[in-house]
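I've put the structures underneath this note.
After this come two complexes, each holding subunit A, first together with subunit B and then together with subunit C.
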Partner chain A sequence: MSLPEFDFHAPGTVEEACRMVAGFGAKAKIFAGGTDLMLDMRRNRISPEHVISIPGIEELKTLEIASGMLTIGACVTVARVVKSKEIAAKWGALCAGAKALGSCLVRNLATIGGNVVSARPAADIPPSLMAYGASLVLKKTSGERVVSINDFFTGTGSTAMGPDEILTRILVPEPPPHSGAGYVNLGIRNACDINILNVSSYIALDGPGGAIKDARIVMGCVAPTHVRVNSAEKLLIGEKPTDALFQRAGEAALNAATPRGSAYSRASAEYKKDMVKELTVRTLAMAYREAMGR
Partner chain B sequence: MKKLIRVTVNDMEYEVAVKPNQTLVDMLRYDLGLTGTKNGCGEGDCGACTVILDGTPVSSCLVLAVQADGRAITTIEGVEGKDGLHPLQKAFIEKGAVQCGFCTPGMVLSAKSLLDENPGPSEEEIREGISGNLCRCTGYLQIIDAVKSVSK
Partner chain C sequence: MGEISMGKFDVINSRAVRVDASDKVRGRALYVDDMKMAGMLYGALLQSPLAHAEILNIDTTAAQRLPGVKSIITHKDAGLVKFGVSPARYDETIFCHDKVRHVGDNIAAVAATDLDTALRAVSLIKVDYRELPAVFTVEEAMAEGAPVLHAAFPRNITAEVQDEFGDVEAAFKQCDLIKTTSLVNKRQDAAFIEPQGCIASYDFSGNLTLYSSTQSPHYIQRVVSMVLGIPMGKVRVVKPYVGGGFGPKAATNHMELAACLLSMKTGKPVKMNFDRQQVFMHGRSRHQFFHHMTTGVKKDGTIMALKHDCYLNGGAYASFGIATVYYAGSLLGGPYKLPAMKYHGYRVYTNLPACGAQRGHGGVIARGCWEQQLDMIAQELGIDPIEMRLRNMMSAGDVTCNYLDMSSLGMKECVEAVRDRSGWKEKKGNLPPGKGIGMSCGFFVSGAGYPIYRSDTFHGTVIIKLTEDGGTALVYTASAEIGQGSDTTFAMIAAEAMGIPLECVRLESGDTDFGVDLGAYSSRQTLMTGLATKEAGEDIKRQVLEVLSEELHVPVEDMDIKKGFIVFKGEKPDITALRTRYIKEHRGWSDNPAMDEELSFREASRMAFLSRGSIVGKGKYKPPILGGQHKGAAVGTSPAYGCSAQVVELSVDEGTGKINIEKMTDAHDCGLAINRTSVEGQMYGSLSMGLGEALFEEVKFDDKGRVINDDLAEYKITRALDMPAIEPIIVESNEPNGPFGAKEVGEGAIMPAIPAILNAVADAIGVRIFELPLKPERVYMAIKEYKMKKEKEKGIEGKTLAGSSQKQA
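== the complex of A and B ==
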């Protein structure tokens, strides 16, 4: 199948891109890495009149760590995150998500911003960003705003971003001492796969060997968007980390999951629920192990 | 409306008029006649359309031809040197890593990118390096052998 007809624009700056999205509104689609957009266009799910290509905008490709904050420009490729030793050292769960995305050929094109904005419930990047408490900088001609990634996804493929806005940067705070995170995705093969399920967990301890003072658990593919498991988080906070506690958190995640078991999702609802528990327990154990070493 | 782009392919400069919705793989095949690059799935899954774009291997079915404006591309036709086939290509023949050949251009380009960056990859790294290229014939082992045989 061939692509629909559209006009192509390649703005040189973020300001120019903002003016374009403001002018075209819903008639335009932004091309970041293109790995989701090209598929959607080819399968006739969308046919924009205008395609605004932004991977050439330098400002959107900055990747820096400064004063306790990792800043990822929206057009930083997933491959760059995989290769970054600095990110691996402090934000290991984010790296794990990046490694799990597509194949190396896809990762060389796909962008971190694109994987967030596409808002696919099986996406590999959002869970860990949510677990680390990231925020997103959205820009339009009249200024910019910062939103928590927790409030960003409103449905499959839809977000809180206005048609006149573009995502410019992702801000990921450095995890405090005695904290850790883990990401696990479940697919059929390692490369080129769509997840059946993915979970990311983060915990922070009150000093070495202390109680859990902060917890974030995020699951994907069990609802129209990635979701936080508030019930499991509540049950963890204030408690000493133990295997039994993690099992109970897993049970809470199982009960909170509302997967649809369709042919498309390639796994039954029962299977997904059981696995959500398993992956929650596993990622909590990973998070705990990291927290003890830091 | 067509747009005129300038692109360097295998060290040759071209000026091509492309439609905005034309993919890079189609431009290479239909406008430049470089049919070594294959169009398999068209969706970024198979790697048959692999080209090296500004030093990075990518699926050219996911790139718009207009986006190649001002950039440099290596296709399989550009891998061969003055003295004939590239050592990797020879190794593919010697190890029986080619059957129908549809995946071969993409495989060779992915392997070449890997070796350019990491001349002595482990088997794991070789597997990872060609993980975006599907082969429905060989079962991959001969391909891995071929890449290994030219690694340092």
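== the complex of A and C ==
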């Protein structure tokens, strides 16, 4: 299939990009890594009149850690996140998600911002960002706002971002002492797969060997968006971490999951629910191990 | 066994660097999409969006008006000459005229100045359809009153096969254990990296040249000639480098014919390509098989009889399907001694893209079903599965109950090699839960006994011509290098037969102007093209030595050519006169031989040219009459059979059902290995493909017959990170019917892969699975059901046997 016709724009600054987005509205699509956009355009799923390419904007490629905050520019490639030793040390679950995304060639092009705004429930980056309590900086000509990633996804492929806004940065707070996180994705093969299911869990302990004071569990592929499992989180808070507790949290996650499991899904609803439990237990155990060592 | 000593040969039985390696690695090798011609147009196909519909009207007027459109063709231009694979089932036309039978069925084609215009024109062609009820499954297709795809085939049965060898029912009466199991796979896609593509060029003298990504230039030439009514002598099919075939490219496709017709209409070259979606819509890969088998054995494991039923979901056209349904039965005749076998197979039309041949044609899933069943039987009898297989093994010279002659068979050696190298004896029965080890055997043809069309034709002809300066041999063969390394194999065989180094051979292949060759399918080329190449090489050697004999007065039988030099068995004759003549011919050249050097092939072949003109060696091959006299006896016959054994070690994550293949130990008897590196390459490729079929691959359709995973993101083939450690072991028997003792490796090596994995999974989790692929969900559900069943049994036992001791599980 060949690409439909479109006008190509390459703004040099965020301000210029914002003006274009505001001007073209729904007729434009933003090109960051292009790994999803080009496929959708080639297969005629979408045919935007304007394509606004933003990887040339330096500001969007910032990757820095300062005063307890990881800032990831929207156009930072997934490969850069994989390579960062600091991210691997402090935000291991994010690193795991980045490693799980596509193949080496895809990771060299795909951006962290793209993986978030495309809002696919099977995406590898959002679960850990939600688990770490990240927020997103959205900018338009009249100014910028910061939204929690928890409130960002509104449906498959749709977000709280306005048609005149672009995502510029992702802010991920540094996990406190005695906290940890885990990410596990399940596919059919070992690489370059599309997830059947993915889960990320985060817990913070009230001191070494203490009770759980904060917990976030995020599951993907079971609803139109990634979802937090509030029931399981509530059940964990105030309790001492044990295998039995994690099993109960897994059970709660299973009950909270509402996968469709149609004939054309990648897996049945029954399997997905069982896997929600299994992966919740596994990621909690990973989070606990990390929390004990930090 | 072991009779072939290394060093007996100068060129073959070594590890040669492939003749195409450098060009391929550096990006110089030309594939059809790399080619451009002056004035070339681009073509595109209009394909049906519906699975089954009557065509009421085709309106091309809007498309005709689009600037840049040069020609639009439909059935009105193409005619209705039927073609296909087997003449007994020619059931396709270039374009549909009365109805479409699957999503992707071909309706029209456009040639335009560029691809975008051609595609836009296609979208402007208006077709009125009346939708017809469609059938997608075997059950739907064979049901009473079901819609019929082809009027001549009631109940949608493309072919029905009934065979019985020996007396199965009588044999069952003597059995101690009779076991029935089944296996079903999913439709495959061969997933070659290069989609089909072609350029057709019709010149003003009425000659048609078709460049195509094909496995068989010869079959394409025949069908193009037949369908378009052009004499075969005016049709030339050329195969550039090809990025894989695996079966689906062994037959003519509609795009090739449409491109030819468009070129004839426009007088310009026309290029056409399938995109990946069209590869899936064209199909022709492995069928979905429903196998149901009953095997009877004696207490000591002796196999007595096999009763086998099979249904194939074939899609909308016959393609290779008749051969497939025969192979599905006949390839169980070996490698075990099986006195009685009964087979009932149906190949069924459905409103899906046609299925055809794919690596291990027809036999792969049958092998999977049976080898898992044999494992279960061994388990029930308390015999080690390898021991049971060895007890039943055929050996060289045995003939199966369906008349397949195992003229060489290193099967026992293969089994022993994988047993010993994998550490089977230590591991089997001693692995922790979740880890498993399994094994299987298999065998396959080295080329079919007959062409796919009924004919006495030679299966391969080869011509070798020496260059007039002497020293270089040009080998011309119409065989198909499709990535498997056949060009290197034949260059090596030619060099060995002539007695010259590999560097002195230049080989051109894949062009119908070079001769007849049935192409790269049914693992035929090494043996068949190889024998023709060897004969041509020997013909060259004889002619050169004849001239030398006249010049030097030494009898031909007292001379030989080895490593590029003339070897005299007796006293060395005086070559001064001859050499002086040669040097005079090459005055001013810096590489003339010194007087005391050995007489070279280069000098001898120059003398031969001066004496006789062009020195041309000819070779040909066709198999002798093979096999039995029953209907369908032709399918499964071969001049030789390759065989293999495999041990798979894996672990299963019981929490998710995910399988991790840890190691595959594979032994293959390929007769004498011509190029050891290429033999191992084929083994790796077969294992990778078998692993993918076992664990990941399935073409999925929606309820309208549309492929829903028509790309390589959602149709999952094995990737590098899924490949386990592999230990390939080459076992070399000496095949009397092959060139220098060689036979197949290309397809046979896939035979044991799926059952070895099935058996290892059962060893790991304690439960058998009878449906492929073994994706995590299927494995997890099997474990879950098994555990629930055990819990339930425990519960019942707890109630009924309360107080009494627990029965052994």
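Heads up, the rule we're going with is that the second predicted complex is superposed on the first by the 292 of 294 C-alpha atoms of A that agree within 3 Å, B and C clash if a C-alpha of one lies under 4 Å from a C-alpha of the other, contacts with A are read in each partner's own complex, and residues count from 1 in each chain.
The rule is simple: a contact is a pair of C-beta atoms (placed from the backbone, for glycine too) under 8 Å apart; a residue touches a chain by one contact, two chains touch by 3 or more.
No experiment lies behind these values; they were computed from the predicted model shown.
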Quiz prompt | Which superposed partner A:Val51 touches (first subunit B, second subunit C, both, neither) | solution = first
Practice problem: Considering only touches as defined above, state whether A:Ala89 meets subunit B (first), subunit C (second), both or neither. | Solution: neither
Self-check item: First, second, both or neither for A:Met292, with subunit B first and subunit C second
Solution: neither
Exercise. Determine, under the contact definition given at the top, whether A:Val146 touches first (subunit B), second (subunit C), both, or neither.
Key: neither
Quiz prompt | Contacts of A:Leu186 with subunit B and subunit C, given as first, second, both or neither | solution = second
Exercise. Considering only touches as defined above, state whether A:Ala26 meets subunit B (first), subunit C (second), both or neither.
Key: neither
Self-check item: First, second, both or neither for A:Ala10, with subunit B first and subunit C second
Solution: first
Quiz item: Which of the two, subunit B or subunit C, is in touch with more residues of subunit A?
Solution: B
Practice problem: Scan A:Thr35 for contacts with subunit B and subunit C and give back first, second, both or neither. | Solution: first
Quiz item: After lining up the shared chain so the two structures overlap, which partner does A:Ser2 touch, if you call subunit B first and subunit C second: first, second, both or neither?
Solution: both
Exercise. Would you tell me the residues on subunit A in contact with subunit B in one complex that are also in contact with subunit C in the other?
Key: 1-2, 103, 190-192
Exercise. Name, in rising order, each residue of subunit A that touches subunit C in their complex.
Key: 1-2, 103, 186, 188-194, 196, 263-264, 267-268, 270-271, 274-275, 278-279, 282
Self-check item: Touch list for subunit C against partner subunit A, complex
Solution: 115-116, 119, 275, 277, 655-656, 658, 695-696, 700, 702-703, 708, 713-714, 716, 718-722, 775-777, 780-781, 784
Practice problem: Note which residues of subunit A are touching subunit B in the complex, please. | Solution: 1-8, 10, 31, 33-35, 38-39, 42, 51, 53, 55-56, 79, 102-106, 108-109, 190-192
Self-check item: In the complex with subunit A, residue positions of subunit B that touch it
Solution: 1, 3, 19-23, 42-45, 47, 50, 56-59, 61-64, 66-67, 69, 110, 128-129, 131-134
